[in-house]
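By letter and in written order, the chains are A, B, C and D; residue numbering begins at 1 in each of them.
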Amino acid sequence: MIGWRTRQRVVKVALGALTLGFLAYQWMPILTMGLLSFTGPDGGTTFPMRGVSLHWYRELLRVQSVDDFKPPMARSLALALACSLTTAVFAVAAAQAMRARFRGSGAFFYLVLLGVMAPGLLVGFGIALITRVLGIPLAWYSTTFAVHLVWTLPFGFLTMLAVFNRFDRRLEEAGLTLGASRLTTFRRITLPLVLPGVIGSALFGFTLSFDEFARSFFSTGSEQTLPLVIYAQFDRQLQPTLYALGTLTTVVSLLAVGSAIALLRGSARRTLTTRP
Amino acid sequence: MTSTTTRRSLLKGGALAAGALALGAPARVHAQSKELNVVGATFNLRDPILQEFTKRSGIAVKPWINPSAQARADRIRVAPVDNLESGADFVKYAWEEKLIQPIDLSRLPNWKRATRLFVEGQATPQSPLGFGDNPGRLMYVDKEKTKAKYVPSMYQFDSIAYNPDRVPAKENVLSWGELFNPKWRGKAALYGIEWLGILDAALGMHALGLLKAQDLTNLTEKEVDTVILFLKEKKKEGHFRAFWKAFGELVNLMTANEVWIADGWWPTVMEVRQKGTPCRYAEAVEGYRAWAVGSAISATCKNVDGAYEWINFWLEGFAGAKQAEIGYYSPVDTYTKYMTPEQVRKSYGGEGRDGGPVERRNARVFVWNTKPKNQEYYSDKWNEFLAS
Amino acid sequence: MSTLRERSPVAYALAGPVTLWMAAALVAPTLFIVWVSLWTTRTFSTANPLGVVNYVRFFHRPAYVKVLADTVEQALLLMAITGLVGYGIAYFLAVKVERPGVRLALFLAFVIPFWTSALIRTIAWIPFLGVGGVINTALLALRVVDRPVEAFLFSRAGITLAQVSFYTLLAAGPVVYTLRNIPRSLREAAHCLKASPLRVFWRIVLPLTLPGIVIGQILVFLNVMADFATAQAIGGHKLAYLGNLVIMLYESGQLPFASVIAVLLMACMLAGVAVLLKVVDVRRLGAP
Amino acid sequence: MTAAAHDLELRGVTKRFGSFVAVDDVSLVVEKGQFVCLLGPSGCGKTTTLRLIAGLEEADAGEIRIAGARVDDVPPWRRDIAMMFQDFALFPHMTVARQVGFGLEMLRQPREEIRRRVGEILDTFEIAGLGPRKPDTLSGGQKQRVALARALITRPRILLLDEPIGSLDFSLREAVMLELKDVQRRAGISFVWVTHDQNEAFSLGDRVVVMNHARIEQVGEPEEIFELPRTRFVAAFIQGHNVFDGTVERADATGVVVATSAGRFVVPLRDTPAPAPGAAASFSVRAELLDERPGPEHANRVLATCHAVEYLGSVRRWDLRLADGRSVKLERSGRTACRLAEGETVTLGWRIDDTVLHAPAEGVGGVGGHIGAPHVDQ
């Protein structure tokens, strides 16, 4: 019978292979996109690749009024950041409220989850009609933001439920007995401990808002968000400018994360290594 | 039926709370506002056209672009819209839903120069009747043809697009039945919108003698059943590689050699060729499936004069020439002012362009893109096909 | 007793803004959808007589019911795949990786692709899975196949492949959190009570991560049921799930019937979540 | 495997975490039914040693034998041991009854047998009523008993306890200590108990192992440790010892004369070899053996000024300062007549025989301790 230590190592290697294998699987389309973003001026968004050039990056940066991705990208980024922060704050508030099991918290749980359940297109259409009747102008920063949060909050909320689920209340009780008020205990003990979950919720808020287009279909004014502009590209040529944009977004994300890690080297290490 | 009554009937029937909209509705006469809300798609609200219009009229265009024709029409319900760029099928829908108001053709001097296809519905008395939502017959409100639901500004003919290396075609002539030739199993693609997919299938079955239908664009329930049965068999055989719903999807399918034969139109063929994959636009034996996109004026239009100026601009010729560059035709012949004779020969004359000169095409329009009356039945059966 | 007393009024203050926001931006349009689903004529008018004719139309057609079944089936398939793969990844990240730097790097490596627009990534799947795509080129080069495999793209398999890549993280995330909440001494105590690693996993680790698993499954279930973009782009419009039906029917001007599909989709989702909550009621926090 | 084999034997066991040596060349023997306490400051390697015995850590060098058989490659769940954790590590999702029976379930005992033995052991620990309860509803004392029952039900040869009563409140500790001692004697199982509290070690342990910086400083019965601390560390670590550092003037059969900054003292030479003159040496004398009115037998004397007085109920303790500023403790029983006031100077004396010479620091194999432990998992 092979030694139990070897079996442990085999399990570790197997799970490691699964993780790295899946990571590669996750990055393959991104690398394909990256490769095709350097195709020649006659190249398309599929193989075979025709020539190699920076044509599409230049095309992306050249200002065009209707097909220009930059303003919608800026709007989508701003919207995603706002959604990210609001999702994190509301998710923690909602999860914290759930911990108090207030009357109606069961129904509240389903209310928040309804955001994911209601199909996006019709929710957007419904919101657009209602705001039309109420005379509220449609704009990407108001009506679209409201609808986006409805979609991103449930994800943040469920993440916080997972984090609070096996949360060790004695740590908070320790804080209280040491004379900290409920608020200080929350701020100094609870929050740091659930920080990974809060970051997770914020990431959800950002990613899901940045990609959302079903709900934005109707809820935007004439200034549209990035996904809508990309979706409209289907009607004309699908240019590799899309891939150039995608590759740039990935590179920028890598740089942003790299610098964030460098900045937070101290605290990030501390937060993630605190063993409960 | 004056425009005010249309707006009032919209209030009564259309808007959610009549009171609120009445509040929102502007006074009849107002200053020439410097903005025009235009709803359209990426293939007509193109950069050079918008910039030229603003340069000439001083009116800034606020475009709302969406690939979904239904969403474009419904935009009028939820936001301020002045002009709606739409095909004849969705103009019919918008008119029935009282979302648009009649256009006084007398305010459009250039419309007098429209080709016969758009005045009589037939290019010549002998050419086929052109079943379906034929703009030439559908667009006029009154018998005297002085009022129109919309004014076509560009039109196109769908036919069979094929990869000549894979699919042989004598003198570039193919029948719609070729789309269902078992030799191209797994390499064919049809239109993914249910009523247009069924229309393609009907054209093919008609060509193969498998369907006797009085009007291919408005099939009876029994006729729809036979078409769907046929499509289900083809699907079981794995005949269709994919369906497409937008220009970009079809181009990708053909460029990537996923598909060798599909119903397509000249701009897609040009794009596929430019991406380096051989592609040709066949002359359809039975005739073309045509469609015309034009401008309608929204019932809640706040800048009616601006809206007319926008339509006149499209008929004036500059836009026609610009759209000709990417392969679309203009119903009025004012484009010649902005194109060299050589450019005119290459686009309208059919030189170096599959399918011959525009007159020959106008005369061979077999059907127009149409939204059938029994839309529900089409959707039910199409879903049956998807679920099979 | 924690930072919030049981049933304390503060809870209402915390839950208040979320409830208001949801009521305004979600409940109102949802009620609108339900109302529209009861309209009996096709024309868009507020004075439409109400009735269940559209619901009858749905259940009268076996094909529509089959689409509903296919959608639930796809959701369950995805829940299984992402559940297993997700748990494996979560276990590796939370337990097997010792150095926190490596764990952080891996976590970010997983998250970064999601910061690129999902639409662009979906488009990128076609040159990845297509006939002339990366995978087929590799398979041909390695002589694994002699003809390119067509089943990767424009098929249920293609959709599943893409959805696994999009949603596995949703299943893994919550499990990582619950795994990290399990003190190491629990595992060691079980070892000292004659339990082998496998039995420790079955009897101690798995039960304690159940809440995380259930939350992950809820996330995946809701996402797959609501997903229409992947099925459309990678399914080649050849097959439909409820999400696609909503769009198809909306785009052919049948808003009332599209709303029926939407209402039924919501009902399925509510039922699914209710069932998952029976496994572990994640609403009762702290309780094992 | 002869019956006479020791229950537990460690030979030259070493464990490193990266560059930090947690356990350095430790050898130890535990006889059948013995109650051994590992005593030492936090970070001295006592818990790591316990975890090595349990198999939760893998030794880098040396051998561990249970009942004579080597267990280095045997995983914890196949060693004839059980372990109690500092935080009890009760399974939150199992009822008391279920988790007490967990060990037997793992041994695939028949269900009926498990139910019987669980009932029995819950009775013996007077926690029968807690069967259906979940751990987070129990008090500290109840948790402690459940953890003990859960460990003992598998009838292990050796029970390892990692500061098991550390988290109990003071009043409960005394009772639990007696109870555990009684259980150990009745069950005949050998205990290895890790603690940093010398009272626990001395009152419970048949033998006490003092550890420091990953090595064993001394092994012996409680009196031996208390009376004759072998090294300077042991003397300093055990409460109630005054430690003096100096250099050897001369050493002969009668004793050793050590010169310190507070004067010269004579220390008897017991079994340790005579140190060479000029070598550094340290010795200690217990606080209660000092006398503020030295008689002829108190040969060693020193002048000291009283600095502070502490009254601890059963003991009264004075803190005095010598000429060189060194602090010395004097202890008497609570009701002693001795009254020393602050600031009062007195001559302290003690018998030569009450002085204990320490073995030189490197006396016990290997190099001195390691400072600044970056990662301690004790």
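Following the convention adopted for this analysis, a contact is a pair of C-beta atoms (placed from the backbone, for glycine too) under 8 Å apart; a residue touches a chain by one contact, two chains touch by 3 or more.
All values reported here derive from a predicted model rather than from experimental measurement.
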Moving step by step through touching chains, the smallest count that connects chain B to chain D is 2
Drop chain B from consideration and the touch-connected groups become one piece
Ranked by contact pairs, first place goes to A-C
Maximum distance between Cα centroids and chain D occurs for chain B
Chain A to chain C, mean C-alpha position gap in Å, rounds to 15
Cα centre of chain A to Cα centre of chain B, whole Å, reads 38
Taking each chain's mean CA coordinate, chain A and chain D are separated, in whole Å, by 54
Chain C residues touching 2+ other chains are 126-127, 130, 132-133, 183, 196, 208, 250
Shared-interface residues of chain D (touching two or more other chains) are 75
Where chain B touches two or more other chains simultaneously, the residues are 15-17, 68, 71, 77, 245, 252, 256
Chain A contacts chain C in the complex at 4, 7-8, 11-12, 15-16, 18-19, 22-23, 25-30, 32-33, 36, 45-48, 76, 90, 93-103, 105-106, 108-127, 129-130, 146-147, 149-150, 153-155, 158-159, 161-169, 172-173, 176, 182-183, 185-186, 190, 196-197, 200, 203, 206-207, 210-211, 213-214, 226-227, 230-231, 238, 242-243, 245-246, 249-250, 253-254, 257, 261, 268-269, 272-273, 275-276
So, in the complex, the side of chain B touching chain C is made of residues 13-17, 68-71, 77, 93, 96-97, 186, 192-195, 235, 240-245, 252, 256-258, 371, 375-376, 378-380, 382-384, 386-388
Contacts from chain A onto chain B in the complex sit at residues 42-48, 50, 64-67, 125, 128-129, 131-135, 138, 217-218, 221-222, 224, 228-229, 231-238
Chain C residues touching chain D in their complex are 183, 185-186, 188-196, 199, 203-204, 207-208, 288
Listed in rising order, chain C residues that touch chain A in their complex are 1-8, 10-12, 14-15, 17-19, 21-22, 24-30, 32-33, 85, 88-89, 91-93, 96, 100-101, 103-104, 106, 108-121, 123-128, 130, 132-134, 137, 165, 168, 170, 173-174, 177-178, 180-184, 196-197, 208, 211-212, 215-216, 218-219, 222-223, 226, 228-229, 243, 246-247, 250, 255, 258-259, 262, 265-266, 269-270, 273, 282-286
